[in-house]
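Look for chain A in each of the two complexes below; its partner is chain B in the first and chain C in the second.
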Partner chain A sequence: MLPEEAYKELQDALGPENISDEPALLDAYAWQPAFSINPDVWTPRPIAVALPGSTEDVVAIVRICNKHGLKYKAMCLGWGAHAAPGCEGVVQIDLRRMDRILEIDEKNMYVVVEPFAVAGQINAEAKKLGFSTHMISAGASHSPLASSTSGWGCCWDGVSMSWSSRNVMGVEWVLPTGDVLRLGSLDSGLGWFSGDGPGPSLRGIMRGRGGAFGGLGVFTRCALKLYHWPGPTENVPDGLLWDTHKELPENSRAYIALFGDERALADATQEVANEGIGYHSFGVGLGNFLSGIWPHLMRNEAFRKAEWLRKIVDVMQFNWMWLLCANSPGELEFQEMVIRKEVAEHGGVLIDMEQIGLGQPLFWGWVLGSFMGVATRCGVIGTMWGQDEVQHAMMEERVHGGEPIKASGVERGFVENDLPGSGFHFFLEEGIVSHYEEVLWYDHRDRKATQGVRDMVAEYTMMNIDYCMESGFVAGEPELRTLYGPMEHNFHEWQKKIKGVLDPGDSSDPTLYSTEQEFDLSSLSPAEQARARRLIEEKRSGNR
Partner chain B sequence: MALSDYARDMAGCSRNSYCKFVPWNKAKSWRFSNLCPSITRFNFHAYSGGGRLNMGLSLVQGRSELTDGVAEIIYRCQLCGACDMACKVFKDDFDITDILLEMRTHCVEQGQFNPEHMFMLDNLKKEGNVLGEPKAERGDWAEGLGLKDINTEKADVLFHAGCRYAYDKDLWGVVRGAVRLMQAAGADVGTAGNAEACCGGRIYELGFRGEAMNYADDMLSRIDASGASTLVTCCSDGYAHLRYLYPRMGKTPPVEVLHITEFLSRKIAEGRLRMRNEVPMVVTYHDPCHLGRMSESYRGEWEGDKLDRPMAMKRTGKQGCYEPPREILGSIPGLRLVEMERIREYAWCCGAGGGVLEAYPDFSSWTAMERLEEAQSTGAEALVTACPWCERSFKDALSTNGTRLELYDLTELVLQAAGIQGEGGDSDAA
Partner chain C sequence: MATTAISDIRKDLEDIVGQAAISDDPEAFGSYTNCLGPVKPPGPERPLLVVRPADTAQVQSLVRLANELGLNLIPASSGAPHVHGGTAPYAEGVIVDLSSMNRIVRMNRLHKVAIIEPGVTFGQLKEEAARQDLRPLMPLLPRATKSVLASYLEREPITFPRFHWDMTDPLLCTELVFGTGDLMRTGSAAGPGTLEQQWEREIQQKNPTGGPGAVNFVQLFQASQGTMGIATWASIKLEMLPKVRRPRFVPEADLDRLIDFSYRMLRLKLGDEFLILNRFALANLLAEDPAEIKALAEKQAPYTLFYCVAGYQHFPEKRVEFQEHDIAGVAQHYAVLPRDEVPGASAVRMLEILDNPSPEPYWKLRFKGGFREISFITTMDRAPSFIALMEETASSLGYAADEVAAYLQPMMQGRNCHVEFNLFYDPADEGEAQRAGKVFDAAGVALSDAGAFFSRPYGPLSDIAYAGCPDTVATLRKVKQLFDPNGVMNRGKLCFEEV
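The block that comes next holds the complex of A and B.
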């Protein structure tokens, strides 16, 4: 319960229409089926929801919470449990009213946004001026500010636009105490153009590798890099999804290549990435793809058991797509030449997706971020992922580690049978990091499924340790952090120290940043548990 | 059905917020990419389509109670169907609009009445219309039009005026003009005069389902008496209810139901109505929710997991009445249509629906103003629509705001183009 006095203060600060503690309304914030390893879909109900309209409002909320010993958690679009309170007694700060695009600086190529400026909106405005912004795999319905300042943020445009941690420039940050800190050039009164100075950088503390997921205060404004968009300034196709129809921009193409094995795929795609080629560059599982189109058909037993379909999926397992957006016919010719050469040299087959009728829906679906809703078609999506600096190692993990776990999850009836063969896979950092996600589609209404997915997390975790991959999973879950911390330079201890300095009152919901919890191995078989303990020990002692 | 019967459907929400925005393929700007008036105005997640499902699930699971505050959230919604449409770009396994309707019935069953809505219900019971106007004056709008009286004679076409057109004198020009155009096109038209009553759709939307059934029966008996093979209405609300709610209540009308825009576009295409006069104007067109996405016909109930439901049984909003109005506008010489950003199945609502106009006039007016701004941003000199509730809503908003924008019903432009001028003017249309 929110103390009456605190409610009154929040009401005075924000206006009565911007604060509520109505239980049913609060429960709308506690329904979080996606990106959760909690078998219960309901997350802890916030004690109130506050709707700030400005940085000053955020400061007021934070100060009131500190004064009354309350916790708070900020959210933007709110897709996923990481946006919700992780513990009891939390005021949810819904940043929805702070939704403006404040400035598009064409000369210096950045856009300044508030938290609830949505990716699809920013992109629509940017494209009118010949720019794009990086769009994470959640698609157009996400907050680029949240992704940039607070959590993960990668996807298939990583080869050309890197990932969210690299795209953030100047930041306005309401610290857990209520003080406002400005990062980078912003602090020196020089504008938003740099996140690293002149002025304090603190990018490593602000989000580090994966983000503090709401554990270090509230970010109220930031600047994001703009990238060149060589396509038209008007980008509205006919159709909404698979019916999308619009010519590809001049000098643009959509290709898919099929390779015979993982080695060929890894070699060829890495070579192409090394040349800086691809607006988007990624692989996607055919089974995932079919499930996005025909979820009901994929449930059909006869269809799933059809040998011919299985064979097609297997043949297409080692696929890679390139969306090309070149600036000139000559550049396009060069890009196509490199791709053709690499595909041919590695025994692959290259298909122009426009020739098979998929070019337009896929190109626009990915470029506009309008496609990702298919991820929710069968219930919710969960992804289990790993990352490596070497594409070959990533392929090894995918084929021999990740896919068998997925297949076993399907066998056990935890996740939808989408004819598992591969998930999605792309480059980050202009091609020097490889990222792979195994897609799990499951019905969150089914307790067996949500419990099963939790079990699968344990299995994927062990796989990542076994293969010495960087692990991401859902967010900074306490048990995963506690498990991985000792293996990775005790980062969890450092996080606790940072938290102690910046948030002495522990007011910013610590669940996904500094709370610790033992990793539960009990869902694994005794033999697997023994293996898991051995792996953990080896890794912690540096012998792995 | 009870709200608890929708528990599984409500739990199907994956909380991805697609119901708050236009489908992302269609986002043209920051300014006009919001889709749901309710969440855009009130901001708490519970005001969105998805948030309403989350809240409904909380209620049926006994996690929270239906308080006055919750009922207010439930009724601060135009039932415009935009969230349903946007969600279904991807989702197959629940129908938000049906659940929102059920939530209102749940409110009524639990005694959570909205006073303004009770007033509408009382009006309906007393006078046969939600506006509280005298029953004995319902047919006045048609005076002098020479319409057949279906209480005493048969007609090929039964014209249903609807409550708003029957009593809102500001709009009589539209409804009378529509009849003149139908007559000019050679239709044999009759109406029920004072015996016409509300279609009952609006009170169904307010949660009074039992009452709505009575009015549906009443409508069916009038259709029966008329001997008509076609029912034409200018009221988009009534049109949607006849196409969706009636069959859903097991009261499928035994006639072809047409909106006036469908009727007129057919007649223009057949050459029975000629658009001979120039109407030199740049206009933009507002798709009424109930003529568009909400008018999609009933597809039957699906037992079991809706993910397995054939696509033909899924209402997506795409099959609403979008082309006929545009065909008509396209046939008018000298007239140029410039589209707004949010059109067709992803159009922004006028603000009047779902009992909002009556219970929350400020919210209704705010919603209308949003649309008027969008209309103005096209550079059009006039906004055209085809629904009396939309027109009323826009008229009211314009009168309080001083926005300079002409407002027309589509029928009025057809009258000009067809050369049927004013009351009693001779037709040179055919």
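The block that comes next holds the complex of A and C.
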């Protein structure tokens, strides 16, 4: 319950229309099921929702919360449970009024945005000037500011457009105390072109592999890198999804290669990536893809049991796609020569997707980030993934670790049968590493499903540890942080120390940054539990 | 520490590194304190001792001992001559010389990565990498004794903006000993598991996004001048050794035109090596004796862009061919003319120079034996105004404007730019040395006032840099307090005088 005095102060600061503690409205904010490993249906209900319109408004909210001993949690697009309060008694700061694209610097290739500037909107404006922005796998409807400052942040375009964490330049940051810190050149009043220095870069406390998920204040503006887009400045296709019609840009192609095994795929794709090839470079599970488009069909028992379909999926298991957007015919020719050579040398089959009529929907679906808009059609989305590492390490983990767990989850009826065989998989920064992720679709209202997903996460976590990988949710989930911390030089203790000096009042919702919780192994069988404990102890002792 | 006798300190240090790895030779001290660049007044303290640890465990023990005794540790990885003053003690202390930790621990061709210790130099790395058809990403003619790890930790710009995605590049994962003595491995090297266990799982310690968890410890260590702790190894990005290379000069009187051309080239990721030099900087790279430098400078265009396109493992000729074709179109649009040579050197010769560390003496010492370097970050379009200001400042203080060497290094694929000026003087000529010092001091203030961002400030420039960003200073001090609560790491550097 928000104290009356605090409510009045927030009302005075923001205007009465921008603060609410209406129960029905608060419940809407507590329905944040995606990307949750918590079996509970609801996230904690906020005690109020505040809608700031400016950095000054955010400062006012943060100071009022500090004054009254309240916690707060900022959200942008609200793509999942990580955007919601992690504990009771939290004021939800909904940043939807701060939605502007403030500046596009064409020469120096960056855009300055507010929290609720949406990826699709930024991308559309950027493309008018011949640029693209990195768009994470949430697609066009995510907040690039949130992804860059506070979340995770990678996707199919990573091969040419990096990660969210590495695309951020200058940042405006309302610290947990309400003080405003500007990172890099911005703090010296010199603009957005550097987020680092003078001296040590404070980007290092803003985030690591993952962000603080609202645990270290509120980010109100940031500069993000733009990348060259050689295609047209007008990019609205006719139709939707598979029905999309629009010619591919000049010097562009959409290819898919099918390989016989994981080693051939890893070797060939790495060689191609090492030549800096690909606007997008990725592999995707066929069923995973289709289930977003035909959810009812995919749930149809007869369809799922169709043997011919399983065979197609098996054939497609080791697939890789390249969307090529070359700057010239010569560059395109070179890229195609390399791809053809590597695919042939590794026994693969290369298909030009335009030759079978699928080039246009595939190309535009990914480039415009529109496919992920249908992600929730077959249920709430959850994922399981390890850290990003070189292609060969990810392939090992995927084939021998992740996929069997996913298949078992389908078998046990926890998650939808999207014909598992692979999740999604892509390169970053011209092949420096790759990312692999198992996608789960399930009914979040079904306790069996949510508990089942939690069980799968436990199994997946143990597999990750066995494969010497940090779990994707380590940045975020308290129990994974508690589990992994002693295996990784007690980084969780350092996060608590950083939290202590930046947020002495512990006002910025600490749940996903600095709280701890024992990891629950109870869903595993006694034998699996014993093995898990041995594994954890082994990895912890190797870290001492 | 004042209460602990040197002999006792020495005994404690010997217990950690052994007698042979400790020195109190005053001549050895000079190589750390007599830096080529300016240090803050009143000048460096004389070190108490120099210790040379052999491994991470010894480094950790040294830092823990320093915490017990209140000892100031000054890390040094490169060999002499030191340029920026990072190894000059601002308070009494012990030099921790890491140069004997010089193993290349691992290298992988397909994944273009190496793990190196702090003492590995660019020459050593280049030779080893070439055996696997790889090459290091070099800064501009590093000193032969320059530590690769120190260079990358200091965010020194590399001459390859195309491969410079973010400011941590080419650094990937690291092993760090904090000022507390705690150990941290970062990025995907963090674990779980030992390095050997990770290698068994094909992990190559390549993830550059920081961590573990939600902290990027590497970013906190970069440009910290050893004030947060000591890095004991790092994984770094390498690139393919090209099979075909086609270097070109683009001489040009109009710097704005050259910069517009550069923006387009970098946007299209054309060119591997890519840098701009004014005529005097170019002459200092190409020629060896002072008279020759002067004469050669006069023959050059005011500014010269140097770039090289390359073909790697697949169809190298084809790759070079399309790039050359595309560049020709860009060059025509911006009315510039790429050439195979400039007076005094072919582009191939220039490439040979850039491929290697500087021959002795260090290239900045060739003209007069001494130099003052002043460098900062801005955007490329603003660089011409800073060059004009620098020349004006130099001229007003009696330093010949045409002897200011200017070097522009685009970074982060062209999104910002390192600007570096070098002022040469004869150290034996007191008047010249004083004049260069005065120009350095005046230019620091003038450039800062005009918007130069001293992102890795050394010596007196740190006061100028931090004066403009009190919020950053306040937060940095809090961070320093976490990682070095007893202030044992390189006291007095950056903005940490009061910590």
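Simple rule for what comes next: the second predicted complex is superposed on the first by the 533 of 544 C-alpha atoms of A that agree within 3 Å, B and C clash if a C-alpha of one lies under 4 Å from a C-alpha of the other, contacts with A are read in each partner's own complex, and residues count from 1 in each chain.
Simple rule for what comes next: a residue touches a chain if its C-beta (ideal position, glycine included) is under 8 Å from a C-beta of that chain, and two chains touch if they have at least 3 such contacts.
The model shown is predicted, which means the values in this text are computed figures rather than measured ones.
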For the combined arrangement obtained by superposing on chain A, do chain B and chain C clash, or do they fit? fit
Between the C-alpha centres of chain B and chain C, what angle is opened at the C-alpha centre of chain A, expressed to the nearest 10°? 130
Please indicate which partner A:29 is in contact with in the superposed arrangement: first for chain B, second for chain C, both, or neither. first
Looking at A:237, would you say it contacts chain B, chain C, both, or neither? Reply first, second, both or neither. first
Between chain B and chain C, whom does A:389 touch in the aligned arrangement: first, second, both, or neither? second
Would you sort A:110 into first (chain B), second (chain C), both or neither based on which partner it touches? second
Please work out whether A:314 is in contact with chain B alone, chain C alone, both, or neither, and reply first, second, both or neither. neither
First (chain B), second (chain C), both or neither touched by A:379: first
Could you look at A:261 and tell me whether it touches chain B, chain C, both or neither (first, second, both, neither)? neither
Comparing chain B and chain C in the superposed model, the one touching more of chain A is C
Superposed, chain B and chain C have a smallest C-alpha gap in Å of 23
Taking the contacts chain A makes with chain B in one complex and with chain C in the other, which residues are shared? none
Applying the document's contact rule, which stretches of chain A touch chain B when the two form their complex? 17-18, 20, 22-34, 41-42, 45, 49, 51, 77-80, 94, 96-97, 100-101, 117-118, 120-125, 128, 139-141, 236-237, 239-241, 244, 295-296, 299, 364-365, 368-370, 373-374, 376-380, 444-445
Which of the residues in chain C come into contact with chain A in the complex? 110-112, 155, 165-168, 182-185, 187-188, 190-194, 197-198, 200-204, 206-225, 227-228, 237, 240, 263, 267-269, 312-315, 318-319, 321-323, 325-326, 329, 377-381, 412-416, 451, 453-457, 462, 465-466, 468-469, 471-472, 475-476, 478-479, 481-482, 494-495
For chain A, which residues count as touching chain C in their complex? 107-110, 162-163, 165-167, 169, 175, 179-185, 187-191, 193-213, 215, 225, 228, 267, 270-271, 274-276, 327-328, 330-331, 333-334, 337-338, 341-342, 387-390, 392-393, 396-397, 429, 432-433, 465, 467-470, 474-475, 481, 484-485, 487-492, 494-495, 497-498, 501-502, 513, 539, 542-543
Which residues, counting only chain B, touch chain A once they are in their complex? 8, 11-18, 21, 23-30, 33, 42-46, 51-52, 54-55, 57-59, 63-67, 69-70, 73, 89-92, 307-309
